[in-house]
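First chain written, first letter: the chains are A, B, C and D, and each begins at residue 1.
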Amino acid sequence: MKKFMLDLVIKKNISLSNQYALLILTSHDKLPEILPGQFAEIRVDGSSTVFLRRPISIHFVDYETNELWLLIQIIGDGTKKMADLKVGEIVNLLLPLGNSYSIPTNSEAKLLLVGGGCGVAPLLYLGAHLKSLGFDVNFLIGGRSSTDILQLCEYERFGNVFITTEDGSLGEKGFVTQHSVLRASNFDYIYTCGPTPMMKAIASYAAKINAICEVSLENTMACGIGACLCCVTDTIQGHVCVCTEGPVFNITKLKWQI
Amino acid sequence: MKKFMLDLVIKKNISLSNQYALLILTSHDKLPEILPGQFAEIRVDGSSTVFLRRPISIHFVDYETNELWLLIQIIGDGTKKMADLKVGEIVNLLLPLGNSYSIPTNSEAKLLLVGGGCGVAPLLYLGAHLKSLGFDVNFLIGGRSSTDILQLCEYERFGNVFITTEDGSLGEKGFVTQHSVLRASNFDYIYTCGPTPMMKAIASYAAKINAICEVSLENTMACGIGACLCCVTDTIQGHVCVCTEGPVFNITKLKWQI
Amino acid sequence: MANLDIKIGKLQLKNPVLTASGTFGYGSEYSDFMDISRIGGIIVKGTTLRERQGNPYPRMAETPSGMLNAVGLQNKGVEYFVKNIYPTVKNIDTNILVNLSGSIIEDYIEAAEILNELDAIPGIELNISCPNVKEGGMAFGTSCLSAAQVVREVRRVYKKDLMVKLSPNVTSISEIALAVEAEGADSVSLINTLLGMAINAEKRKPILSTITGGLSGPAVKPIALRMVYQVAQAVKIPVIGLGGIMNATDAIEFMLAGASGIQIGTANFIDPTVTIKVIDGIDEYLNRHGYKNVTEIIGAMEI
Amino acid sequence: MANLDIKIGKLQLKNPVLTASGTFGYGSEYSDFMDISRIGGIIVKGTTLRERQGNPYPRMAETPSGMLNAVGLQNKGVEYFVKNIYPTVKNIDTNILVNLSGSIIEDYIEAAEILNELDAIPGIELNISCPNVKEGGMAFGTSCLSAAQVVREVRRVYKKDLMVKLSPNVTSISEIALAVEAEGADSVSLINTLLGMAINAEKRKPILSTITGGLSGPAVKPIALRMVYQVAQAVKIPVIGLGGIMNATDAIEFMLAGASGIQIGTANFIDPTVTIKVIDGIDEYLNRHGYKNVTEIIGAMEI
């Protein structure tokens, strides 16, 4: 897929909490085709400490309104600067980068999309995409507390939503892997993105029930386009770049101990 | 004089042209005593290229409204960031730094304050101060064109104002050293700040008429408080720091060829 | 339009802007963003005789105005390059140079012999300065004796342009430059990365899997510029300058200090089209200052 | 409150934070901004036997995340120090150390003898690494032989704490550190500035009057941290780390890498109260991580 360097404009910046912001970007030109699971490399301007671009997942693309959504969790100065962007400001992005989640060949397949924290970011777009292809979509979203569970209504547009929180303040109490839906249904495909321990737990559950499982990995990236070889992960084929061979990996390719 | 590190608040930011901005800063606390000719070291935040503080003259202090004025000429990223400051934003300053213009002992002395470009900055406060001490103040302000001559009314509050522009678009046509007031009056004290060639021309005029002449020098500064020895100028006493022994120098102390 | 053509050693370039090894992949990674054939030369990834897996994750740490990397020369080896990559890159209408690394002299020689046979590769950049491999690599570049030895041996088998890339992690880079010049290097390029380190204070652990790594980016520019100036004064062969070049002004500074050409590395990550902007910016500078040929600004700094 | 007391060589410090020579004047320049006696140690301006005018203007250039300086050891000489400055600084209730520079060994010895007599100066920092003086200075610090020689001679006449400041402009800083340790240095401090250069492209001129100058600030931090780590592994005497420390996290990184103490230089220019913030930040870190003594984090990086 052809990659672009684009200047997009902030159309809305919705502060979801003091930790999360939803950026809605737009452009005069039509947004390019983007697949679910792909990411962008964002240039951060006006920071004395941020030097490199920051990888951020594509949260959602609305081709009708020509909107690109990014869900930002404030971690350090780069994400802070992004969360502080004002309507009308310009953001420079490289996109679309990386591979994407794979689409089941069997249209009857039972699908589960499991996200934790900011890891839900790519799943909204994936869910929307799967639904548009006629699949039934189930989201399972976990967080520490109800304040980590953001914008539920958006997910509900595209599928069923199941929730866990560690403190029980929303949905079932516990971790995503403890949610009753995992016992009630038998999923064929599990897509996940979130903290590594969560993804490992999901992967081991998937292995047990023989489901196909795809995880989205993070890594320290310099270029985002396969040029620097800084972002490798160890796979059964040796070191591969997460920014080009990933971020989405079928769990069977990774050398995870699960 | 005791120096302070202060966080002041932008009360107004008046864009005087696309090259100049007037920042009016204030504070809950009373501003410290500042003498005319002194400067501040401004910390520039939110720039990926500016590392050190920037020296900026004290343009004016209004103790009644507790306002500190800075006149900024946009040169590079540091001054650009200052000129872009928004009302309510915080600016960190070290001040008051450096020495000051000296006050004539003879209350009848005829005074001329000559400024060019952004060099007028310290002269407004100097003029106000001299007037408050009962002196008659004459400003001679030069620029390339009328767009370089800013905020005339402010100077008129404190003295007579004479103007030259190189293109003749305001005041007399030519350089400050060609203004008729230099022939009409015999000044005892000449205070000047501006581009070095201008100050040298003024200094040589002053020498000819036997006037006392004080110039305000610029230099590349790292600390602004005499700690780094980066800002020396050559004087009859050897290398001295412009940030502590200056920025104001009696012309007889410098090794200028005039 | 000024004339940007320049001859550097045995290379004829359409402009003095090259891409630095290890930061531009094999070129194709960037071809979506611009016409990469406009670049004066593309120096491809560090290549070794045999395949290398490189270092474990994490390989990168951001630092003030720079980055550390510990890639460790991950590549599939020279045979793979010849079979699978050469057939594609040879069609890019610019100079494609291979950056050649090794841990023992024999490996350098064997790989150089293979590369010597590739018609569309007009030269190699001999990397005797990589700080991210345990044996050899930087060791060659940090003593005159071993630097001279590896250049001598490679020169014997490699007939085309031989650019030697110097390590900045030395007391006197001019001495190393003189040593490799004496052995027949056609040009020297500098600097490779400076050996650095980053620590995560909260975790009390080094950030890189290899503890130390190579520092690049604008942070190192003042050091690189000084070294280019020193080396250009010392040697007669052309010097290619790099280290922290982010824009045309930086590139021009290196040329004024004595570089005949420049390379752009880390900056590609921040702006994938930076090379084109630098080429255009040099042209603009030459026009504005009334120069007809880019060669006029080489070493044109006035003291 | 954790215990920040630390012994470094013959020095007893109330905390491991010192100010770097040439960046903190004689201390008084900063006393309007804070209580400077809270600082573990103040290393005053580079002092030479005889008065030096230093280099001509311009002496400074800003660089990405750093700066170049070419002050060139401007100072009024050791006799002036003894007569006019010592009487004031000796009353500051912390360790006042003199940074001693020279261009010939005899000058070092003579000045060291004079400083040895000052009761309130518990030690000197021997600067064998200043890149901004034409003769001597850095030359001493770039070879084991000359570094050893100057330390040997000074050690003979100087009985109190002898901290030796190393140059980073070398192939192997550990070897130099070992050489000065063998001659009786009580500790080593590193790094001094890296030799760099800046050019004004529009004017086609070097920015500094001396063409090259010394690079400091966060840009050099990764290199400094690596060198401190290497030297701490090599020598038995304590290491004082510096180079680009801007905040407590940076300081802690140096200590984790093996430094017993740290110095803050360029950061003082951006925040004159940074030393106090670093002291408080180290204390906060120790408390948060359950350490009772600052000594526990020295070299505590886990590999």
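One rule holds in what follows: a contact is a pair of C-beta atoms (placed from the backbone, for glycine too) under 8 Å apart; a residue touches a chain by one contact, two chains touch by 3 or more.
This structure is a prediction, so every number in the text was calculated from the model and none was measured.
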Chain located farthest away, centre of chain C as origin (C-alpha): B
Between chain C and chain B, distance of the C-alpha-averaged centres to the nearest whole Å: 48
Between chain B and chain A, distance of the C-alpha-averaged centres to the nearest whole Å: 55
Distance from chain C to chain A - Cα centre to Cα centre, in angstrom: 36
Where chain A touches two or more other chains at once, by residue number: 48, 50-51
Residues of chain C touching at least two other chains: 61, 63-66, 217
Graph class of chain-chain contacts, one of line, ring, star, complete, other: ring
Touching pairs - complete list by chain label: A-B, A-C, B-D, C-D
Parts of chain D lying in touch with chain C, wherever the complex brings them together: 61, 63-66, 68, 142-143, 169-171, 194-199, 201, 204-206, 211-212, 215, 217-223, 225-226, 229, 244, 249, 252-253, 256-257, 285, 297, 300-303
Complex interface listing, chain C residues touching chain A: 22-25, 29-30, 32-33, 45, 53-54, 56-67, 69, 71, 74, 217, 266, 268-273
Interfacial residue positions of chain B with respect to chain A in the complex: 45-48, 50-51
Contact set on chain A toward chain C in their complex: 2-5, 43, 49-53, 94, 219-234, 238-239
